[in-house]
Amino acid sequence: MAHLSSMPTLEPGQDRTMILNMGPHHPSTHGVLRLILEIDGETIVRIMPDIGYLHTGIEKTCEAKFYQQVVPLTDRIDYLCPLTNNLCYVLAVEKLLGLEIPPKAQWMRVMLNELTRINSHLVWLGTHALDIGAMSVFLYCFREREDILRLFEMVSGQRMMTSYFRIGGLALEPPLGFFEPVRQFANRFPAKVDEYENLLTGNPIWGMRTKGVARITAEDAVALGASGPTLRGSGVDFDLRRDMPYSGYENFSFKVPVSQDGDVFARYICRVREMRESIAIVQQALDGMPEGRIKADAPKVVLPDREKMKTEMEALIYHFKIITEGFAVPEGEVYQAVESPRGEMGYYVVSDGTAKPYRVHMRAACLANLQLLPAMCEGRLLADVVAAIGSIDIVLGEIDR
Amino acid sequence: MPLVPAITELDQLKGHPALAKMLAWNSEAVEGAKFDRDELTIYIERSSIREVCSLLRDDRDCPFNFLVDVTCVDWYPKQPRFEIVYHLLSITRKERVRLKVRLGDSPEVDSVTSVWPAANYFEREVYDLFGVRFNGHPYLRRLLMPEDWEGYPLRKDYPVEGYR
Amino acid sequence: MPDNSFARYLPLLIHFLLAGALACAIVLLSWLIGYRRPTRAKLSPYECGMIPVGDARQRFSVKFYLVGMLFILFDVEAVFLYPWAVILRQLKMFGFWEMLVYIGVVLVGFFYIWKKGVLDWSRTSPRKGEV
Amino acid sequence: MVSVESFVIASIIKTAIALFVLLTAVAYTVWLERKVVGHIQNRWGPTRVGPFGLLQPLADGLKFFFKEDITPPHVYKLLYIAAPVIAVTFALTSISVIPIGNWITVAGVRTPLQITDVNIGLLIILGITSMGVYGVALAGWSSNSKYSLLGGLRASAQMISYEVSLGLSLIGVLILSGSFSLREIVDAQSGTFWGFIPRWNIFQGQIFAFFIYLMAAFAETNRIPFDLPEAETELVAGYHTEYSSMKFAMFFMAEYANMITVACLASLLFLGGWHGPLFGPAWLQSILPVLWFVLRVFGFLFVYIWIRGTLPRFRYDQLMAFGWKFLLPLAIANLVITGLIVALKS
Amino acid sequence: MLHLVLFLIFGAVCVAGAVNLLVQRHPINSALSLIVVMGSLAVEYLLLGAEFVAAVQVIIYAGAIMVLFVFVIMLLNAGEEELTSGSRVALLLGIPGILVSSVLVAWVLLAHSGTEAVPAGALPGPPKIIGWLLFHDFLLPFEVTSVLILIAIMGAVVLASPPESVQQSKKEG
């Protein structure tokens, strides 16, 4: 690939080019991404992302925690879709343990995951539109996001760092009357998506700014490891939820939006349609929500209910043991991937048979997607960089971990 | 779903297209294989990782054309110490395979960036955090840590409180 | 007082001077009132939190100054059109034809630059290494 | 015949009043914008300072004065300080030839509602507008920062590009009215067609010219969708990246003053100025035109704000192409057609 | 009276600007001085009653041509001039030379060209009269200016397009 061989150095270029920093403190780099641009007038000659400003060493931290204690760390990776990260990690450990998860927990997980996806896409849409200058969409999106965050707060007590999924099920029963506001939201939301689309999809300026911009072919996208809407925007029809289902996604019917154009608009339209599909999944989950337990039947792994803990000796002992010394996980390794709002989120968990993971590695969708940026932007204009960054929807917390 | 014991016999795993293809190409390159928790792991001899990757990528029947991830596990103080882990995905077959390369104390392996440019950041990250060198990588510099950082934080012998 | 045509412009001049004085006063006042506790970071040029690479005193793309030139030319054209527009009613069709000739010639130049691609701002050099 | 001294003093008083009114209008345009955009976006806008946040502009102004006034050492100091002064001075000057109403009689003296009624008012405004470029260009250059330089270059290139279309779009109006005097241009728009359509210039076939003017005016004042010079997502803050305190605010003062000028000009040239129904007692009749005029201006400003709340922004090349390849030919076509019709009629 | 005073003031501003233009070492300052010169010239025109010319002076010279100058200085990043000590011959011969020649020119103009000072406002100033002159009496020169503009457009394009070799290397690079 050509763009790899031309990594820029930091020295000012030849006579006509200028080295310009975009970020880390820049209004449009979504966190602390730093781009080093070499520009000729307004044209991008070379572009190099510089990351690591948010590196917190989560992977190292995980090695010092019990399995259950890692869950809150996963929230912090991708702070726009904490539940997706919870899910991915939890599924990986459950796979290591060989745990069977009751259907209600699975359906709850799917429902909350789709709400998370909408939440993440709303933040993306708002900021992406704001980058391109459409101010109002941002506030409209955050209005709906607020509703979703309220739902999260209801169910987990937290707006962002939910940590609601636990190894073996859910942390708590969903509160009484939780499904009613979810249903209301699900009924209300499609009209709101129409509202966003009214402002953007048909808007000629939006079209000019996004159509044909930062185009990437399907081959390049695959070669560069793109996933999620970024990949589907280039015409590769692949969605883990449908193609390699997990957590009961096989029980839901939904379409996977694909666009052939591979430009900013294609990625935009894929994500907007995804929001509609997600809300349809939420509806299905609400309609078919099974009854039953929310935790797996594995007393050595799953914390007992408060009720039992106070009445049964055995439960109290398990509770004490799980809290103080964790639970041992059989030796082995597992790679579990889920379809996060940004693409393939994968957790590679290695166990050496002790109560702490030997190694936890997160495959961040954004890290791979970010590699597309030079291929998208070189030879284009400065303003296209902004559109391109927005269109690959990066979250620096996930990239840097 | 109770755990089933891992299968490590090469003969039992020959049915898998990726492994079959590899064995047919060069059985020397395959050091072993493991099928555990529905996931296939193939141990590759260090010098042939690049060829194996391009072989799997271009396989007509089952192209593992998507490099999902490259990472590393440090088994210090065991030897060989490092395991480089490649996760491949076949978009058409919807199947995954894991390749592993074991490296000793002078960790060096061929870069697969020429096969998948996607490996660029992944390999840089491994270099940054484990100090594994990837030969042929176009820009092997630290990715997450500062340029002047000392040591490789994800190694098991890295002092957690930093070098004093 | 209006003893000649300039009297009408005198208030304009006064207004201009007063506006200028006001602007200067604002700058001065903010300089007097505002506090100053400079630090090195505050005084360095904004570069998104990084130490700047190179400085802004560099040569720039030629495109920008082509705009300047074209602007002059079309501005000159427009200036000729102003008096014409005002007296067109007196000039009648004759005035229309003479302006049509004039605009026609200028339009030739306009389409020349259009065809030359001067007005294509997105036309960029091909991507590096792309065959 | 009045003496020179009293004439000068009268002009100074008039000017001072005009400047005061203009600056207040600028402050409240900001307030209006924040309110309107706020309501467009499900927010309230300013509410804390004063009723409906009406004192917010005052608070903002004071805050700006008390902010740290940084003059970084890397700037070209003289021009760095001069640039906002230039911008504000020219932005405030153009109002002086704009009439805001008909003649009124105050204490027996008949006087136009205008600082000075000159023959070539329109040309004066064009001239002053064309000088406004320097504020932006010099700010960008003297800051010695890359973002500022790029922003300044963009801004000045954009302003001069659209100035051509702006100038050409006015020619249709000039043909119809046969004068550069803004007062005469407005007078030419009095009356109605068939008794109910006012003879405003946009109804006299200058609808395209009005459209061109609208676009060019948006670009001249660097407003969305043409706000590339200060596109914060690309160039941080464009040409005023390195400015702080009141010097920073002055660019905004200039921008909003220019918006008001442009709105006034649009009302005068295309929307019939102060013409409107007159009724009631004599004092009301003399005030009403001013009211109609101010209403038009605010209507125009509202459109500005409304569009800001709705549209995304252009990319630089698209903006330039829009100006040169679309507006300019359209403006030329408009003037040729208008010229043809008028020449045939006369 | 005020009229004359203003005329003199702006004349002085004009000359001061022109001198400053020469003395300043930074090209941007020189350019700005030139703008001042143009502006004060426009005021002088106004004082003479030539309204239209004054407006055009501002629009074209101060507002367009000087923008180009400033642009070029910004783009080329022309820095401060090196101050050379200058050759002594130029100093010795130059200043007297300039004095002598300006006196000569003034004398020739005043004594032999038959030009006279025209009272303010006596010359055609209002735009309508200018228009009538331009589109009636001086029609041919007016039409010729369009050709001039055409040539200038082409010249601008030719000057601004980078030489072939640069384009070539850009493509390759």
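Residue numbering begins at 1 within each chain, and the chains themselves are lettered A, B, C, D and E in the order written.
Throughout what follows, contacts are C-beta pairs under 8 Å (C-beta built on N, C-alpha and C of every residue); 3 or more make two chains touch, one makes a residue touch a chain.
This structure is a prediction, so every number in the text was calculated from the model and none was measured.
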item: For chain D and chain E, chains touching each; value: C
item: Farthest chain relative to chain C (centres taken as mean CA coordinates); value: B
item: Dominant interface by contact count, named by its two chains; value: C-D
item: Maximum centroid distance from chain D, chain identifier (CA atoms); value: B
item: Inter-centroid spacing, chain D versus chain B (mean Cα positions, whole Å); value: 64
item: Centre distance in Å when chain C and chain E are each reduced to the mean of their C-alpha atoms; value: 17
item: Approximate Å spacing (C-alpha centroids) for the pair chain A, chain D; value: 46
item: Residues of chain B engaged with two or more neighbouring chains; value: none
item: Sites on chain A at which at least two other chains make contact; value: 5, 18, 26, 42, 381
item: Sites on chain D at which at least two other chains make contact; value: 4, 118-119, 123-124, 130, 146-147, 149, 153, 160, 180, 236, 315-318
item: Footprint of chain E on chain C - complex, ascending; value: 3-6, 9-10, 13, 57-73, 75-77, 79-80, 82-84, 86-87, 90-91, 95, 98, 101-106, 108-110, 112-113, 116, 118, 125-126, 128
item: Parts of chain B lying in touch with chain A, wherever the complex brings them together; value: 1-3, 6, 36-37, 39, 41, 65-69, 71, 73-74, 85, 87, 89, 91, 94, 96, 98, 113, 116-122, 125, 129, 138-139, 142-146, 153-154, 160
item: Partner chain D, residues of chain C touching it in the complex; value: 1-2, 5, 7-12, 14-16, 18-20, 22-24, 26-27, 29-31, 33-38, 42-48, 52, 55-57, 60, 64, 67-68, 70-71, 74-75, 78, 81-82, 85-93, 95-96, 99-100, 103, 107, 110, 114, 119-122
item: Residues on chain D engaged by chain C in the complex (per definition of touch); value: 1-4, 6-8, 11-12, 14-16, 18-19, 64-70, 72-74, 81, 84-86, 88-89, 92-93, 95-97, 115-119, 123-124, 130, 143-149, 153, 157, 160-161, 163-164, 167-168, 171-172, 174-175, 178-180, 236, 241-242, 245-247, 250, 315-318, 320-321, 324-325, 328-329, 332, 335-336, 339-340, 342-344, 346
item: For the chain D and chain A complex, residues of the former touching the latter; value: 37, 40-43, 146-147, 150, 154, 224-225, 227-228, 231-236, 308-318
